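In the two assemblies presented below, subunit A is common to both, partnered first by subunit B and then by subunit C.
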Partner chain A sequence: MGRTAGIWPYVCLVPALAAFIFLEIVPALGTSIFSLTDYSGLPHAPINWVGLQNYHDLLTGGQTFLIRALQVTAIFSLLVTVVQNGLAVLIAWLLNSRLRGQITVRVLVFLPVVLGATVNGLTWYVMFNPLGGPVTLLLAELGIRANLLGNAATALYAVIWVQIWANLGFSMMVYLAGMQGIPAEVYEAGKIDGTSPWSAFRHLTIPLLAPSITINVLLAIIGTITGYELIFVLTDGGPAFTSQTLGMWVFNQAFFISNNRLPGYAATIAMVQFMLVFAIALVAQYYLRRREAVL
Partner chain B sequence: MSLSRRRLLGSFALGAGAVVAAACGQSTSSPAGTSAPATSAPAAAAPAGAGAGPVTINVIAWNSGSSAEAFKTAMSQINDQFKQKRPNVTVNFEPLGQGATWTNAQMARIAGQTTDVTATYGFAPQDIINFQPDTQFLDLSSLSSIKSFDQTNVARFMTWKGKVWQMTLAYVGHIVWTNEDMLAKYNLKHPTTYAELQSMSDTLKANKEMPIFYAAKPQTALNRLASQIEMTVGRPKHPNFWSDLLVQGKADFTTPEWVESFKRAKEFTSKYFDPAFSGIDYPTGAGLFATGKYAMWPEGSFSGGDIMAAKPTFQKLGAFTAPWSDDADANAVQPVYGDIGWAGLKYTKNPEIVLEWIDFFGQKENFKSFMQVLQYYPTQAVDLTGPVPTAEAPLLKKTAVSKARLALPGMTYDTSWSELLLSDQYTPETYAQYVQKNFDDSRPQWQKYIGLFDADWAKLYFS
Partner chain C sequence: MIREDELGRVAAERPATGVQIGIRPGTIGGYVILGLLSLIYLIPLLFVLFVSLMSSRQFSLNAASFPDPIMWSNYPEAWVKGSFNTYFVNTLVYTFVIVFGTLIIATLAAFPIARAHVRGSNVFYVLFLSGILLPAGIIPQFFVMQQLGIYDTRFGYILLWFSRVALPIFIITGFIKSIPSELDDAAAIDGCSYIRYIFQVVVPLIQPALSVVGLIIAIRVWNDIIGPVIFLPSNSIKPISAGLLQFFAEFAAQWTLIAAAIVITASPLVVLYVFTQRYIIAGMTSGALKG
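Showing the complex of A and B:
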């Protein structure tokens, strides 16, 4: 027993490791290889090795579409990350102040996380329906004729709102857990020094929440650059491609647009997306970790 | 450098296997998947016919909207009749969703060789590229029922390299559905020119009615409008436009006719369409039109059955071919493309049975009974009854292949004109330049297909 005891942790890791390798690493490698082919996804169709041609086409021929997708992704990611985290911190702070009805508020804010992308998307799809959706009717009462998901000027912002609404609860819970981990003595010491509640929030809570901020910001950045589920349900990337993020573009190229269904090319976009996420996440993590150390 | 399928898949079998297992898990565990080998084996040994061992053939198709139930019913009727003829043969029919769900399921079934017959769209260039029918499909040229079909439809939708590879049962036209009660109320007749269409819409607007209904979400639904306008405004001046594009890779989207097409599309949609059209969900279209609040709906012919299934509040459904130009003759040409049909897979263990089943389907009486339920444009000259065929029949005198499915894989330009119609970033002139640029820029993706389609094919296809 003594001689084999050291092996058991590794043996126990094998199933999870195998699942990770077969379901994550191998498909990822497959995608990187398909990005170098003209793979059409069609059975019995020849697969030709095209080297970096897809990357060349994406950066030259597909420039218009790439720049547009990058712009949309940047707006989507930035607004969601900033607003979602700002609101989540604020709500967590309020809930941590022992207000009445805080459990109800916590459940309500967290509920969309449990519902998932499809249900959340369909809920707001109905709410925003231009022919009699509740939001449309409400805005009509104010004299505003709304077609939020069908208007090129508003569709992306409507999607951003739903994305924030859907994920706010998760961020809020992470912040709340972080806040509840802050020792009460810290605030008591602050009180003795005469800090106001706002000052305590700004100078004590926020700095001590740094690890939670790092996690939430990174998850929001990665989720918004790679995700497509809510956009797919709400707008399908339209109207006029104004809500087509990189993730949505990959999906459309790989599976949806019948005459432009090019999984090999989609794999190329996915690789560019991966490199982008990797670079941004690396920089963000470096900056946030440094900030944690300083604080 | 070209890699063989075996070599490439051999290299990445694990990855591909994992992806397929994750994405298409049902393909190998479905009833079709499990039943095929067990039931097909005896048939391979014993030829089909009375007294032969039990044989099962698997048939897959997409299903769409409210037609899905009618489609299943019609399939059951045909298969029951076939069972009477061939008691030892069981036909497993499985509808597999629509859109991307259908495409992915179809690919998985063909790759896994678990279907004997697949539904296909009537041939468009992209289908020929994707399926390479002469290598994947059974040759149907010698089936006796093929002679019953309209030979123009056979040439357009079923033929490649001089042989018939699929039996296309129906085709789609892009027309304008009408609420005849509303038109009668204001004494309006079907327009034959663009001026008449505008005048008619003005009359409706003046009477506080909504002239045009459209459901453009997702934006690809705009393809139907673009198809109509291109057919009547652009095509008459450039009859070889699509032939030149597909055969030689040449196209000029900046001609005055294209700019005029874009201009009319932009002006008309902003003036006469329901302002919410860009946010209306396409699958709800038939139901909303059936409410009777709209006068006209530019849409596919296949939606006639869906409108009737939604129990319209108006008494009479009508239809006309959209007149987007000033020339009544040019406006009479309806853009069409091939819809559902059957193709037998070459790898099937029961090719005789598959051919017999397809042939049975194509026999005049069986075909007619099937199309009567489905109520699509039939590819054989049969008389169908009911309000939908009655409205459509007069429109079928002049047809030509629509632009809707003509783009080659990789042609990344906005085929549905959504960026023009759903945003204000382009004028018709700048949009024409933009389309041209995207067409030219995407050339490396599709240039390899130039040479696949020759002038003889184009002559038949666009006849």
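Showing the complex of A and C:
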């Protein structure tokens, strides 16, 4: 049929290809070009070529901002990736045994993945609310007066908590699917040897789960460095930039600092972010794949 | 890659393959952990639901309690004050147009790629695949949309979503490849026109994949917040997620109304989830599972 259809197969490709190239590929690559300009985002202002000026500014004048954003990104990414994956594996393991009511738990834990950042973020905003929010009341019972999202020392950790709460279901279901792909015979063999459930988990489930661990860890690292939806809803990077990751900074610098919007400069930060994701993904991929092979 | 027989047969309904744990201390520990976990997920959701039905007086006196009296009026109040009529209609239009538009352009592209009807079909496949991994270039996107005069327009926002065809094409191509191609050859003899063939023969065959992909896109459009905040600053064309955030900013500290607005925004998704959760979970995790 392909030979008789003439140009029609090509015509069919055009709409998707056009939208994809002009609004996805070209912009993704174009970030590097904008990072070399003084683009202001104003409709009729001229755009001038400034060479590496933005990079120079970022590494000299913007240095403290850059270091702080890198620190926040590292804490956010590391804590979320480790805790979310650790919990998800354990819970998936519990759900993969024959405990009652586990379907309800699966459906419930996955629900925030469907509800999205605005609903999840505002729900926890109400929970953390300093006037009558249950979390605040609970902490007050323990003798701690806290406004978790409004305090520079705690805001980042409150955001991390919500980020894990919101995405745990996703990792959990990927692990669960991975565990269900492990043949029952493997465990039967273990039973004959008198293996305890914990030892079976440690020495059979975890090694055989390596491919799921690779993909989940990678998705969590990339997601936390590039994604900032929940941070935007909860704190917008505040207070005093203590929860501003690189991604959040790009967004704020490009569009939402009322009198100092600098999309060109923001594109430079986006390049740093991109290189970071690229490097980490490469290293993680290499390390985790090697681990898979060894196991 | 998901195939027809796997679609919808998610982890959720497969039997457990793990070790059967009898009633032992380990089991009790398991129940305790699952119970605590359920509470951590239920409490915030129920709290927002309760607050949405409270009087603001009760909220300020004792928020952590059952609503008494039940203030149903919070809902119409939030709906009217927040112009949720406009936001709701906007989101329905965006969701409908983006879901069907994306499914159409993705299917049209996926079929010739899957069947190698175009030269270098693999190059196109890899090109689209790269879109799943590339970070969104929001700054150039802003520039392009401003230059084309489609910034802050419904059309521009919809077009932006059409560019996110990578994952739909990836899933649909995989699905088409799992269907035998004998029918295609028969159709060539009939002289059936190419595009008509895709819509009349291929689309019914891949309908399960299209439903799952459609569901995922619908949920993503409904939940998109960064997109509308950057590209749709005008209130009259905002979708509901951005409308909710706008409402939150305008009615700060009116927690009972904010809670009602949260429930209004979330409830269509909850209803959709209750009826299609197997497909939603399968679809949303399938991108990871093929890895």
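Methods note: the second predicted complex is superposed on the first by the 274 of 295 C-alpha atoms of A that agree within 3 Å, B and C clash if a C-alpha of one lies under 4 Å from a C-alpha of the other, contacts with A are read in each partner's own complex, and residues count from 1 in each chain.
In this section, a residue touches a chain if its C-beta (ideal position, glycine included) is under 8 Å from a C-beta of that chain, and two chains touch if they have at least 3 such contacts.
The shown structure was predicted, so the numbers you read here are calculated from the model rather than taken from an experiment.
Engineer: With the two complexes superposed on chain A, say which partner A:Y55 touches: subunit B (first), subunit C (second), both, or neither.
Structural biologist: neither
Engineer: In the three-chain superposition, say which chain, subunit B or subunit C, touches more residues of subunit A.
Structural biologist: Between subunit B and subunit C, the winner on subunit A residue contacts is C.
Engineer: Have a look at where A:N151 lands relative to subunit B and subunit C in the superposition and call it first, second, both or neither.
Structural biologist: The answer is first: A:N151 touches subunit B but not subunit C.
Engineer: With both complexes overlaid on chain A, does A:F76 touch subunit B (first), subunit C (second), both or neither?
Structural biologist: In the superposition, A:F76 contacts neither subunit B nor subunit C.
Engineer: State whether A:W165 touches subunit B only (first), subunit C only (second), both chains, or neither.
Structural biologist: second
Engineer: Please work out whether A:G30 is in contact with subunit B alone, subunit C alone, both, or neither, and reply first, second, both or neither.
Structural biologist: both
Engineer: Give one of first, second, both or neither to describe whether A:F22 is in contact with subunit B, with subunit C, with both, or with none.
Structural biologist: Once the two structures are laid over each other on A, A:F22 reaches both partners.
Engineer: Looking at the overlay, does A:A45 come into contact with subunit B only (first), subunit C only (second), both, or neither?
Structural biologist: first
Engineer: Quick check for you: in the superposed arrangement, does A:T64 touch first (subunit B), second (subunit C), both or neither?
Structural biologist: first
Engineer: Given the touch rule stated above, what does A:L262 touch, subunit B (first), subunit C (second), both, or neither?
Structural biologist: first
Engineer: In the superposed arrangement, what residues of subunit A touch both subunit B and subunit C?
Structural biologist: On subunit A, the residues that contact subunit B in one structure and subunit C in the other are 22-23, 26-27, 29-30, 33, 41, 43, 125, 129, 131, 255.
Engineer: Which of the residues in subunit A end up touching subunit B in this complex?
Structural biologist: Per the touch definition, subunit A meets subunit B at residues 22-23, 26-27, 29-30, 33, 37, 40-49, 51, 53, 56-57, 60-65, 125, 128-131, 145, 147-153, 235-236, 238-242, 255-262, 265.
Engineer: Quick check: in the complex, which residue numbers of subunit B touch subunit A?
Structural biologist: Where subunit B meets subunit A, its residues are 1-5, 8-9, 11-12, 14-16, 18-19, 22, 99-100, 103-104, 107, 110-111, 126, 130-132, 135-136, 216-220, 275-281, 288, 405, 407-412, 415, 418-419, 421-425, 434, 437-438, 441-445.
Engineer: Provide the residue numbers of subunit A that touch subunit C in the complex, in ascending order.
Structural biologist: Residues of subunit A touching subunit C: 1-2, 4-5, 8-13, 15-17, 19-20, 22-31, 33-34, 39, 41, 43, 90-91, 93-99, 101-119, 122-127, 129, 131-134, 137, 165, 170, 173-174, 176-177, 179-180, 182-184, 187, 190-191, 197-198, 200, 205, 211, 214-216, 219, 226, 228-229, 232-233, 250-251, 254-255, 263-264, 266-267, 270, 273-274, 277.
Engineer: Which part of subunit C faces subunit A closely enough to touch in the complex?
Structural biologist: 10-12, 14, 16-21, 26-27, 30-31, 33-34, 37-38, 40-45, 47-48, 51, 59-60, 62-64, 105-106, 108-109, 111-113, 115-118, 124, 127-128, 130-131, 134-144, 146, 159-160, 162-166, 169, 184-185, 187-188, 191, 193-195, 197-198, 219, 222-223, 225-226, 229-230, 241-242, 244-245, 248, 253, 255, 258-259, 262, 265-266, 269-270, 272-273, 277, 280-281, 284-285, 288-289, 291
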